[in-house]
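Following this message is one structure expressed as structure tokens.
When the chains are written out, they are named A, B, C and D in that same order, and each has its own residue count from 1.
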């Protein structure tokens, strides 16, 4: 596993600083790729966080969970309930979401980790599907089912009421007076993403992270070496579950609504796709993968004939017609097809994901440089 | 009592469908060691073979309908009817049975192409990679179908002769009980196919080699038998079984591009409950889950446990995996 | 992109860039950088005004979404003076002249709701934040409609609902910035009940199969309410999981329940499957209590009904609009839609087309795209010539009140599109209810122009 | 010196189906001694070893390690390791995805921190003492050049040596070696014998299962001979060499 490297402290600090700079300037570089608007940037940060956390489980231990969306949903519901009952302040909401998703992760993880391999996958899938089905129908009093849990100006909000905060007509989350929508919401998510990235880096560089990879590498040896793998796995599971819960909480903070479909198994599948697409077991890969998929979902899906025509307007008409004919099936309503093809291509040709692609390109440069130096 | 009997029939019928899908899945896992998430897509492709056959049979002569003035509307009469009259109508009526015959070679080809072109490169990769690449393939296949056939379900009807219901209750003295012919045919069909696959594996030399390969692959390889080629054929066989299940299911469930994904999770649950790689287990689990699902959907049960019908399949899966991880009939 | 998109709600981008370039303390900056240059969010500054068409392009309702999109494109054409003008020629109280709206050419952006609340909101946000849309419209499910409507209220743009049938959209979850032309479960119940009484009598026992989520419950509730009040009994109301596929285990208990009517409170694929299977189980051929067994599908969609094929013949249901209507408005719309695409529009296409025209007309009347002005113009707006007879956008809940069509699966269709036969046009008075009736009472709130 | 028994096997029987794999085994391993168990193929050597570490549950009898009952399933594998028992497997069990240095550091963590510890706030780099120790050990094994190579790429012989290093860094009270030199070239075998002798000087108790008589007679203080699931002889190497039963049952068919 390449990622567990004994990197030097200065190098790590440098990486972290670069990361922070890239994240904070996202609104600027996002502009150039058509992603420079708050909602998509928020989604980049939130799903980046989700994927980073997922990677701690899947990337390090190799346990493929198909149920992490359940924690995302739990985090969202917890957050909206905190907004409804306590306060519009984001802090108690985040705490509540983290605590609740951790409890869920402990219970589901404890049971699921009694098995490994595909059995583990199916167990997590089963738990997530049960959560989804219940949330969609029977648990409607708690989740508001299909419509999703929404805020009302008439919600009690006991803390706010006690502190004499005026109820808003359109309730929005805040952080001690700063309303967390738009770019403020993005920066709130970005701050937590950076924190999450830092923690993930810590884990990658720690004995704990190394032990997780050791479990992936050879669980028998791990046991005969004196380690009890299950508490390690459970810790990793809970950490990744909390990341998911936190991501769910952020979703509800920047946009106070929680819907059941967040918990569906396909939503869990999405985070798997993100992690693999970017590069499983690497520090940056999952974030790249998350951004790629969200970019596809929001930008590629919006490309219609009108957009294509203007994009190809520099070509002669016959050529642009051909270009449209060739690209049209993959954009707009065909963006799923594009995603499927890209995903297969990555698994077949670049099992290490986008990161491996970048590395290979970097490798070519390095080699040619070496050849020059040798000569 | 009648209600119980009917639910047993429902359960068997559902179970037949589950077992058929799970059978191919577990066959592929047992022999090739591949976890195939595109198996649901094969089921869906089978259903769309039926749709295509119907479309072909009903290629129509178009006559401008002058009664509609808002837009250009046509009255359509299939050429088969124009040319052959009642015979043509009968052929169209039998489009689903005809599709079965056509689906066998087509699904076999699709299966072989899939194994040769993609799956075989993933024998040595771990299960996670197999799951992911076949999942990607499933997305691609269903999007292609959607692009060509749209997202709405497309109705398929069983031949008129079996459109009604059979008075199955008469056999046990309960006159009132009727059950649709097509569903009984489906059940019989699934039993025949399952029996056929088992007989094939049990009584032919090919099947013996395959079973030996499932048991110990390297051993068979050492005997100088080209097990790889046989496994390719097994994959084709699995595709045919899934495809036939899809064709036969179309009169019950009008096919749409997403039906494979809808069955995918369920069929994996069936396979795992039965025991990965155990053919008998997959069949038993298919019927067991079908019957459980039917019973837990009864009002009497739902009144005590609201929503139980939504999660019963998963509850059973969790219970089996925790209590008996190798499944009903799996090997250790 | 045009310069219209320079401003984003509460924060001007230029201001933001300065701040973020300066220091990380920019995190705290946005609220003090509130823009004052705009009277409302996304005020169009150039020669065009952008509308956001947010429809399902993937998932089970993709075909319905595609039809909605066709209708929107047609509406834009007509608004900009291209094509034959469609309903612009038949709509009463119409101030549109086919030269755009308020002197601006109409442009549009599209997005995929995936029939998921999250995706739909993300897509709508992109339209608002990036593309500068002043109005969002579309959708094919109530969950999505309510979610997007809530978002538009927060963001300060107008939401013109597409196909959404749940009471909640203009009931419990009604919003000042949101409007619905489509009818709802309450109206379906009120319109259907008298016909059911006329056709099947008052001595009937109904058995409900209901999709287990809020729309299904709401539909079940209204049918129960209206049928029971005319003397029907309800044998049972059974909830079925969404996307159950095989409904046999829910259908067989109907056979011996003593019920003689089956009400399928399902929509989309669930409806296609449950209806197909119910017919397969011989329910249509059954005699119970000396009466022919009947099946009712409260909400019919022609597009979806195609999936059930032969099985819909003779089945009663309600629909918002059907292309076979012969009023001038419907004829004009079907003609221009048919000429453009070669087949007739669905009810989803109709409602979306009408919504776009109504919105544009309101903007023209108000002389602005400011949501508050548009809302004033739409509230209580009365119009005709758009396919549903005299219609009113009720001010109290932003629900259109109009006649409701009761239809029946056509026994002798003359073409593949001729699936539904209109049995009755239930007059508006019969389906109208008080805006503060129990179960639908809600708070509209204040108009939000976003700035 | 007092004769303290580190490991005691008392009256152990084990059958598989109808097949008797172990018959009434009684064995005491003395502290600081190297005890070899030899016997022809299928004599039950591996079964005995797996029974010792609780992987197999005997039909009856007990296994005690320094007073703790290890009998089948009573203790988890990691629990047994934490008591001070390390094991080298017949096919090397290492961490192929980690570097050699990390392979050796992992068991050191287990020794220091116990079966579970959540230590993410001290990076690997800061674990200086532990690193140095691991590096020294690799030097002892003449593998320091490979310290940053992934273990999966090692030769089979080197994998075995690495596994031995992984056990040794834990300073176990009892080291179980399942054919530690099988498949090694003579040169590597001799190096391994030297290494094992070095540990012997440190007073570590060892149980070796071995085919190679050269290895056995170079290292063992005591030898037990297993045949058809029963111990037919036990004694010092010299005693065993001259034991008639052994000659008859085993040595007669093998070269020494």
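Things worth noting here:
Everything that follows uses one rule, which is that a contact is a pair of C-beta atoms (placed from the backbone, for glycine too) under 8 Å apart; a residue touches a chain by one contact, two chains touch by 3 or more.
Since we're looking at a predicted model, the values are computed, not measured.
In the absence of chain A, the touching network of the other chains comes apart as B, C | D.
Averaging Cα coordinates per chain and for the whole protein, the chain whose average falls nearest the overall one is A. Greatest Cα centroid separation from chain D: this falls to C.
Across A-D and B-C, the chain pair carrying more C-beta contacts is B-C. For this pair, chain C with chain D, the centres built from the Cα atoms lie 74 Å apart. In this assembly, the C-alpha centroid of chain A lies 45 Å from the C-alpha centroid of chain D.
Inter-chain centre distance (chain B to chain D, centres taken as mean C-alpha positions): 53 Å. Once the centre of each chain is set as its mean CA position, chain B and chain C turn out to be 36 Å apart. Annotation for chain B: residues touching 2 or more other chains are 307, 310. Among all residues of chain A, those that touch two or more other chains are 133, 137-138, 336.
For chain C, residues that reach two or more other chains under the stated contact definition are 62, 212, 239, 241.
Chain pairs that touch, as defined above: A-B, A-C, A-D, B-C. On the chain C side of its complex with chain B, the touching residues are 59-64, 212, 236, 238-241, 243, 245-246, 248-250, 252-253, 255-256, 269, 272-273, 276-277, 280-282, 285, 303-304, 306-311, 323, 331, 334-335, 337-339, 342-344, 414-417. Of all the residues in chain C, the ones that touch chain A in their complex are 8-11, 13, 16-17, 20-21, 24, 26-28, 30-31, 57-58, 62, 65-66, 108-112, 116-119, 121-123, 125-126, 129-130, 141-143, 146-147, 150-151, 153-154, 166, 168, 173, 212-215, 239, 241-242, 443, 445-446, 448.
Taken in their complex, chain A has these residues touching chain D: 1, 4, 6-9, 199, 202-203, 205-211, 213-214, 216-218, 220-228, 231-232, 235. Residue ranges of chain B in contact with chain A, taken from their complex: 35, 118, 121, 125, 127-129, 131-133, 135-140, 143-144, 147, 265, 268-269, 272, 276, 306-307, 310-311, 314-315, 317-318, 321-322, 325.
Those residues of chain D that touch chain A in the complex are listed here as 53, 76-78, 81-82, 86-87, 89, 93-98, 102, 105-107, 109-111, 113-125, 127, 166, 170.
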